[in-house]
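Common to both upcoming complexes is chain A, partnered first by chain B, then by chain C.
And now, the complex of A and B:
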């Protein structure tokens, strides 16, 4: 039999439908590959028994004519998503013993449509980082060059997709954590509109910026997974209460007459494919328009102030009282300090301390409030741009992945790393990215448009 | 009636503002679906949301929001169409999230007021600054084991309304009246049961004093742990005198939080201002702002139950009660309901008289609330009917009432069983009178000689003979005629 892991998700679905192979066979192929490439450290937890059981049940459903939209598709889940009965750590020591008695809403949606759980992917601890080096479970290696990082925080998911250890993976982004690893690992992905996917059951990093999304090998695959994960959730008050379009049916490859904006602030450094891509979309009948997003430079400060402030509050629940690890102390305060000192890694502690300061009586008005005002201006940059163009096109991240050594020295903090993704994350608008390192940013709720244009870019080699 | 502290150097007045936490009556907690019932086996009303498990998020229970709005309407307050939730961050064992969801910047209810009437009839309007919606913490239990604390999260996430009063209170008595009025309002609205002893209504008092005539506010002290109206009044008085002693000796009152000890009858430092926590308030990113329409608010107002103040005015108008009686009878739902059942279609004066006199007296003696009254309102009504129809006299009625209290039986049954029906048969009474006249010729002579005061003696004898059942009016009339 051919290597089933070579198939895209869409191809695999078609093969399953045509009964060319079973989900158990497909799943076994991925499990074998996971075992073979365990050195990449893409997974924190592998769940082979659960996977095979889910695959067997899936095959049964398919035989009974009850196939869901992702029936039998083996997927990996970022370890920030709670999975009922399966260790969920957030790549943190403090949750190294936490087995949630519930699943994230998005996961529940996936299982309901027949997806199969292969395991939980590595990430930066509580998603704080962009190289997957802050994980308590060690660094993940980039499958294209194992001396390099896969990006982060969804590095495990991107690496697993790129190395064909799963058909697709869930991911989360607060300011580049889907798009940057997707680019570093040469995969596709989407950060949808804020609220499109429920946050319920996903470990919170920065509530106003946490975007659950998808990493997969093609835009079509991404679209198919997103339309299953998305949807209103009464348990997440910030989730969008609107119908989910069938994104995968909006991919008609026709961008004729479309106006594509090129933000001039995003072209300081461009990948090698850039000029070819510009020519390609013009050939396809789109019009290119130069656009300015004047508050781009402020995005990083706004991002760090907001995420650290929210995280300092969101992570207060990891206190050793009800779940997770605990280090006893002589008093309640001492127990808190010992537990959190031991349970959190250095990067998480650094961000919590800064975040605590940003919310202090002094810091609140000096940092947090101005940051929120600036955040609005950044969002308005996009609103104004979308008065003139349909979507924006830009490099995802215009640099090569760092080596693991560089990342450990803090090179990932280089400004350019997140410059092109943070503003659209702060604005909460959708952005789809393709393996060649380009992204398409669309207005709120227009994931379909972003995916459609991204798929055209995907064709440019 | 002004409340003045007389010092050696000055006369001082007190300035008090109360912060009252009212637990919201609702089936479910404010940000989760779990039961908001009081008590229960520890940790039996706790969802993963209440315990702040990883990935759990709050979602607003609209009923709690509506209860807050209803309460705001009871406080004559502005209802804010835009409100928002904020996080108050601090670490404690019974605070699972590590923060309390509250409303600092944009509360659901804005300014309003409570009108109070003091015992001497003085009326005063006390302003309310705001009411905000928040969640309660769990309970820490420290006295079960020497080196362990226990946490019960049943209360964690139960909806609370914090009602912040302006510093308009200038005596312990006013503070008491404010609390009682507030309690009668939330009880009438069904938004809080108002039981301070169970902790469903909790009060902190901010107390300062200043020389009479001084307009500037001095440092205030916040007193916590006040779980009865009496304790609030006592604590204010104690604290005012403590501050007086400090100022009179040329000292300085530090701004701090103090605890009231009802056994030692003192307040003592809990934490000073220097040790005040920085709660790092910020808008809760998990909860979007609450946007209400005026129509929605109007709809809630339309379905509002009658407020104590409105009910009092109606009682004055409808039942012709005086202000004092109306105040007492309208103050709480159960009393008002009881009174109205008795008064409907009857002599309202008599109804008020019996409820406030005989009934309250009896309940007081029995230590029972009006809901536990052995005499139901319809039964008391029947008793009044028997009097109105001259079936029994007022005197016999008191006897019947005692028996009703004892046995819980209906008034008419008791009257029947005990043969207490009033004698209205003229010939029967005449027979009794004739016998008395015949047996007491000397007294009759004395009476006829002008000692008319003896009529009372004859009435007494006749009543005795009839076992108190003779119709008093008829008896008088017949006696006068016979002795005439």
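And now, the complex of A and C:
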């Protein structure tokens, strides 16, 4: 039998439907590959027994004619998503013993449609980082060059997809944490519209910016997973209460007559494929229009203030009482402090301290409120752009993956990494990215459009 | 300008501790960051702009204030290593 891990998710679904192999066989292939490439450190927790049990149940459902949309597909889950009965750490020591009694809504959707859990992928601690270097469980290696980082925070998911350790993986993004690792590992991905996928059961970092999403090897695979994960959830007050389109059926590879905006602020540093991609979309019948997003530079400041402030509030829950590790103290206050000092890594501690300043009386009015005003101007930049064009096309990241050594000495700041992704994250609009390092940004709720254009870009070699 | 006293206070608020050297270094780093933010973001253009703390604008849905779930203390306390009879425990606070 050929190596089943080489198949895309779509090809694997087809093979399962045609009974060319079973989910147990497919799952075992991935488990073998995970064992072979354990040195990449893509997973914090592997779940082989659960995977094989889910796969066997899936094969039974398929035999009974009850196959779901992702029936039998082995997937990895970022370790920020709660998974019932399976260790969920957020890559933090403070949750090194946390086995949640419930699953994130998005995971529940995946299991309902037949997906199989292979394990939980590495991330920066509580998603705070761009390289997985802040993970308590060690850095993940980029499968294309193991001396380099996979990006982050969803670096474990991107590495697992790129190394064929899973058919697809869940991910999350606040400022670039899906798109940057997807680009670094040459995979596809999507950060959907804010609220499209429920945040319920996902460890909160920055609630107004946390976007659950997908990383996979092709845009078609991304679309198939997204349409299962998405949907309204009454347990998330910001969940969109609207129907979820069948994104995978919107991929008709036809962009004739479409207007594609090129933000001039995003073209200072472009990937090698850039000029060919511009020519390619023109050949496909699209019109290119230069666009300006004038508040791009300010996005880093807004992101810095917002995420740190929200994190300092969200992570107050880790106090050693209801879940997580505890370090005893002589008093309640001492127990809180010793627990948090022992459980949080240096980067998390730094962000919580600085974030607290932005929520103090002085910091709130001098910085937090102005940041939210600037956020509106950034969002309005996109609104104005979409009056002129259908979508925007841009590089995903302005840089190549940096080495693990560079990451350890902090040589590559988030400000540079996420320059081309932070503005659209702050605006809450969807953006799909392709393995060649390009992204398509679309108006709110138009994931289908972003994916459709991205699939055309995927064809450009 | 942020000095180490402010950093000390912020750390205490989030129940974290720094050495005096760390306070000094974080105060310096944070002051530089705030200068960058001031230079880059705080402009007259912001006057009169309505803040956007969330992209979901409008009213957040609310629920009727009634109990619809619960009565499984063992599940709720299952994630803690410090429980007694369905309750979380903390260090003794009153002698």
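As a working rule, the second predicted complex is superposed on the first by the 459 of 461 C-alpha atoms of A that agree within 3 Å, B and C clash if a C-alpha of one lies under 4 Å from a C-alpha of the other, contacts with A are read in each partner's own complex, and residues count from 1 in each chain.
In this section, a residue touches a chain if its C-beta (ideal position, glycine included) is under 8 Å from a C-beta of that chain, and two chains touch if they have at least 3 such contacts.
Not measured: the values here are computed from a predicted model.
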Quiz item: Do chain B and chain C fit side by side on chain A after the overlay, or clash?
Solution: clash
Quiz prompt | Which of chain B and chain C A:364 touches, first, second, both or neither | solution = first
Exercise. Pick one for A:379: touches chain B only (first), chain C only (second), both, or neither.
Key: second
Exercise. Please indicate which partner A:238 is in contact with in the superposed arrangement: first for chain B, second for chain C, both, or neither.
Key: both
Quiz item: Is it chain B or chain C that touches the larger share of residues in chain A?
Solution: C
Practice problem: Using the superposition on chain A described above, determine whether A:82 touches chain B (first), chain C (second), both, or neither. | Solution: first
Quiz item: Between chain B (first) and chain C (second), which, if any, makes contact with A:331: first, second, both or neither?
Solution: second
Quiz item: Which partner does A:201 reach: the first (chain B), the second (chain C), both, or neither?
Solution: first
Practice problem: Please work out whether A:276 is in contact with chain B alone, chain C alone, both, or neither, and reply first, second, both or neither. | Solution: neither
Practice problem: Pick one for A:317: touches chain B only (first), chain C only (second), both, or neither. | Solution: first
Quiz item: Taking the superposition as given, does A:66 touch the first partner, chain B, the second, chain C, both, or neither?
Solution: neither
Quiz item: Can you list the residues of chain A that touch chain B in one structure and chain C in the other?
Solution: 98, 100-101, 208, 234, 237-238, 312, 315-316, 319, 321-323, 332-333, 336, 356, 360
Quiz prompt | chain B-touching residues of chain A, taken from the complex the two chains share | solution = 81-82, 88, 90, 95, 98, 100-102, 104, 199-204, 206-208, 234-238, 309-310, 312-313, 315-319, 321-323, 332-333, 336, 356, 359-361, 364, 368
Practice problem: Spell out the residues on chain C that touch chain A in their complex, using ranges where they run on. | Solution: 2, 6-7, 10-11, 13-18, 26, 30, 33-34, 36-37, 40-42, 45-46, 49-56, 60-61, 75-82, 88, 90-91, 93
Practice problem: Could you pull out which chain B residues touch chain A in their complex? | Solution: 48, 51-60, 87, 89, 91-93, 96-99, 149, 151, 278, 280-282, 284-288
Practice problem: Under the touch definition given earlier, write down the residues of chain A that touch chain C in their complex. | Solution: 97-101, 194-195, 208, 234, 237-238, 297-298, 300-302, 304-305, 312, 315-316, 319-324, 326, 328-337, 340-341, 344, 349-350, 352-357, 360, 367, 369-377, 379, 427-428, 444
